[in-house]
Amino acid sequence: MATPAVADPTAIRRRTTQTGDIVARLITLVFAASIILITILLVWQLWFQSAPTRHKFGFAFLFTSTWNPVTEEFGALPFVYGTVVTSVLALLISVPLGLGSAIFLSELAPAGVSSALTFLIELLAAIPSVIYGMLALFTLVPLMRDYGEPFLRSTLGYLPLFKVKGPLNGFGLLTGGMVLSIMTVPFIISVSREALLAVPREQREAALALGATRWESTWQIVVPYAKLGIIGSIFLGLARALGETMAVTMVIGNDPKINASILAPGYSIAAVIANEFSEATGQVYQSALIELGLVLFLLTIIINGLARLMIVATTRKGSKR
Amino acid sequence: MKMKRMSLALAGLMAVAAPLATAQQRINAAGATFPAVIYQKWFDEYHKMHADVQINYQSIGSGGGIAQLTAGTVDFGASDMPMTDEQISKVAAKPLHFPSVLGGVVPTYNIAGVTQEIKFTPETLSGIFLGTIAKWNDPRLAKDNPGIKFPNEDIQVVHRSDGSGTTFVWTDYLSKINPDWKSKVGANTSVNWPVGLGGKGNEGVAGTVKQTPNSIGYVELIYAVQTKMAYGSVKNSSGNFVKADFDTVTDAAAAAAKNMPDDFRVSITNPAGKNAYPISSFTWLLIPSHIPDAAKAKTIKAFLQWMLTDGQKYAAGLSYASLPKPVIAKEVKQIAKIQ
Amino acid sequence: MMHGNIIWRKSVNAVMLTVTGVFTVLAVCTLFVILGYLVYYGGRSLDWNFFTKLPLPPGEIGGGMANAIVGSLEIVGVAALMGLPVGFLAGIYLSEFEDKMFCPVVRYVADLLNGIPSIVVGLLAWTLVVVPTRTFSGLAGSVALAAMLIPIVTRQTEQFLREVPLSLREAALALGASKWKTIVTVVVPAGSKGIMTGMILGVARISGESAPLLFTAFNNQFWGGGITQPTASLPVMIYTHAISAYDDWHRQAWAAGLVLISMVLIANIAARLVLARGISVPRA
């Protein structure tokens, strides 16, 4: 029996395809790994470049409220305060608005109308931040200054929340919160609607069969069922709001002070980095701003992580292989 | 035949390469917003005259100019506050200060119904920015301005949110005329403002004042002129109310012109002089004493030469003041120090 | 379970359902108000100068943003060149090759990258690119934008590849195709609509970003000379012009806003129309 002059063709094909598969896996693996490398590099830079201020101030950085580049005393508190307050204000406006719209879109609107309207609302999320900022600067700020804030001052001005010493100018934490609310609403609507749509029809039908009105069925059965997804959407919106730069910096007033009143000007972490980084002379000043970036990053990571956990729990049903 | 073809090819190559030999000189600079209007004009005009030179200037504030110069990301910087010794020590190639032009910082305001020029004294001006004078119809303001009907409104102060040489000039003046200001706030590119909104750059302050009723801010003269906003006169050390213009700002520099220090770092706020505008300042280009790229160094030196001669002609038209002749002569000598 | 007067409950029902409808109308109207302003003010401000001229010194009328338009295209183009392949191939890896240990790590890290605020990405690009190269550059801006693009494209690619039915893969494998051949000739083409959508949406998103370009691409009054020099971009120009005091600059900011939002919205609408069905879960 002669040995074949040429190697067994199936074996060759098997080896080539195996090599092909190995190569494909390797190439895509390398690119996937590059994401890890890039992220590690960025996070390491954040940590490393903020070292001077971390060593100088330690945890006190988070609780100090002075921000004085000249004497090199830096504290994150005014910016954390401004970031948190504007984001909370944003949520106070966008959560009722968003959840209400999501309920309408998932429960009441016919499927075609619902998709079309959701599509339009999702376009809001695509509008760049700087355009929101420009619009707010030219339209919202004068509105707040001439109508909104005087109204609030005359009706609720006795509350520390709305008390303002000095003139009203339309810039401030409230205006910042209002702009942010428009930017977070599409996220809340989009994801909550998905979560609500994922609730099994049986739940609604059972409630209606027991004599509940449409609203009662929605509010007392469907919404609690989709609770995790809805809360996830809120966290998602919050994460977006925390990191917003341009829209906020154009209307927040750029004043690193902590004020009980939401009509007073304030400052957010992203805004101060945008305004002051290009002029940060000296290692300490620069690293203070980078440490602020690190604080913001950690905040968004925590909130994003929580959001994803909650959303995955409720909405990813049936679309995966 | 072969030789002919080769030489033709060579000639063709050289024809193509020749224009490439005069490469574009691209120079990047950043800094003060105070002189940005005339700088952009200069760089625009210079580019028209020398098509191969592009000097890209970004007005990000004096603090930014110094920071980017120190980081080495720009070829030269610009500032209205002279660099401190400490700041100079941090730059690899010691920066040389070149005064480029003179300007005045004016109090500009937006008050409904008031189009006239308001007379400010050192007391009223510092009081407003300290927050001790809080309303426009304060008697202290009315005293110096009998003909003006001030509204019964709160004063909205606008200051700089970024590190600013203009802030330095303003606070330098306030520190000199008000010991309270000096101890509470001080003079620097960035201070702890007792009251007010922050705007980014001279442009941002002008923009905020223009949009906000009953506000007052401090800007370089040209920003008030170009945006057609009212600005006031200030009482100088001789007791005269002086409005900023070419002559009054030039007068402010008279003493410095005679006694300019060798490194050109000097403050001319609150000077002696009957007709001097008290809140005036030089503004400086910060040029590294050693520029590694020889072509860039040549271009920058040529520009400086132009700036000190033909460039000065643009000052009057843009509400700045041109440099005194003795200062120019001294600067020309400093150009040689750039290697 | 349900107590109370039936009329009360019915009124609450009617009121609340109306309220939700009103909220929805409000949300949708916001979009139209925003577009309305931009079309009105931007439309009045658009002129030939805007598209062809360079910016003029402050106070002079008649300048334009020609260099910013080109600059934006350059910066976003290079960012897409850098980010799209990485995101695409990484997405393929996550979807097709199930490495129990590595895949969750990659997903988590991609989420981390996505969570870095845009201003912080810009700041880091400054330390990593601008300072060592000792110059501001459009390239540094592209690096920052690419870092933002990658997680978006990765997630979208993975998602749409996963939705390709198992049966298609198995059919190809049964015919003797290798895994990589299956991916290239069957799976990716099947998921291509969704992947393209993800890419277009990602690029549209980064083209509107202003914060990461502030200290990377910086800005330029002239034609710059390429991506290795400071480069003007529309979003940054909008910012500097909007906060200034010049009416002419405000006018130009509106025009730039209209141009920018047209680009972004057209890309978004095109992408979503391409993807005829959404990724929503059908009503149970």
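Which chain is which? They are A, B and C, in the order written, and residues in each are numbered from 1.
Note that in this section a contact is a pair of C-beta atoms (placed from the backbone, for glycine too) under 8 Å apart; a residue touches a chain by one contact, two chains touch by 3 or more.
A quick note: this is a predicted structure, and the numbers were derived from the prediction, not measured.
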{"item": "B-C or A-C - the one linked by more C-beta pairs in contact", "value": "A-C"}
{"item": "Maximum centroid distance from chain C, chain identifier (CA atoms)", "value": "B"}
{"item": "Separation of mean Cα positions, chain C and chain B [Å, integer]", "value": "38"}
{"item": "Gap in Å, rounded to a whole number, between the CA centres of chain C and chain A", "value": "15"}
{"item": "Per-residue overlap in chain A, given as positions that touch at least 2 other chains", "value": "278"}
{"item": "For chain C, residues contacting two or more additional chains", "value": "243"}
{"item": "Chain B: positions in contact with at least two other chains", "value": "30, 199-200"}
{"item": "Chain B contact footprint on chain A (complex, rising order)", "value": "68-70, 141-142, 145, 166-167, 169-171, 253-255, 265, 275-276, 278-282"}
{"item": "Partner chain A, residues of chain C touching it in the complex", "value": "1-2, 9-10, 12-13, 16-17, 19-21, 23-24, 26-28, 30-31, 34, 37-38, 85-86, 89-90, 92-94, 96-97, 99, 102, 105-106, 109-121, 123-124, 126-128, 147, 150-151, 154, 162-163, 165-166, 176, 178-181, 183, 201, 204-205, 208-211, 214-215, 235, 238-239, 242-243, 250, 253-254, 257, 260-261, 264-265, 268-269, 272, 278-284"}
{"item": "List of chain A residues in touch with chain C within their complex", "value": "13, 16-18, 20-21, 23-25, 27-29, 31-36, 38-43, 45-46, 49, 96-98, 100-101, 103-105, 108-109, 111, 115, 117, 119-121, 123-124, 126-135, 137-139, 182, 185-186, 189, 193-194, 197-202, 210-216, 219, 239, 242-243, 245-246, 250, 270, 273-274, 277-278, 289-290, 293, 296-297, 300-301, 304-305, 308, 315, 317-321"}
{"item": "Residue ranges of chain C in contact with chain B within the complex", "value": "56-59, 130-131, 134-136, 218-225, 229-230, 240, 243-246"}
{"item": "Partner chain A, residues of chain B touching it in the complex", "value": "30, 60-68, 70, 87, 90, 134, 153-156, 161-163, 186, 188-193, 195-200, 211-215"}
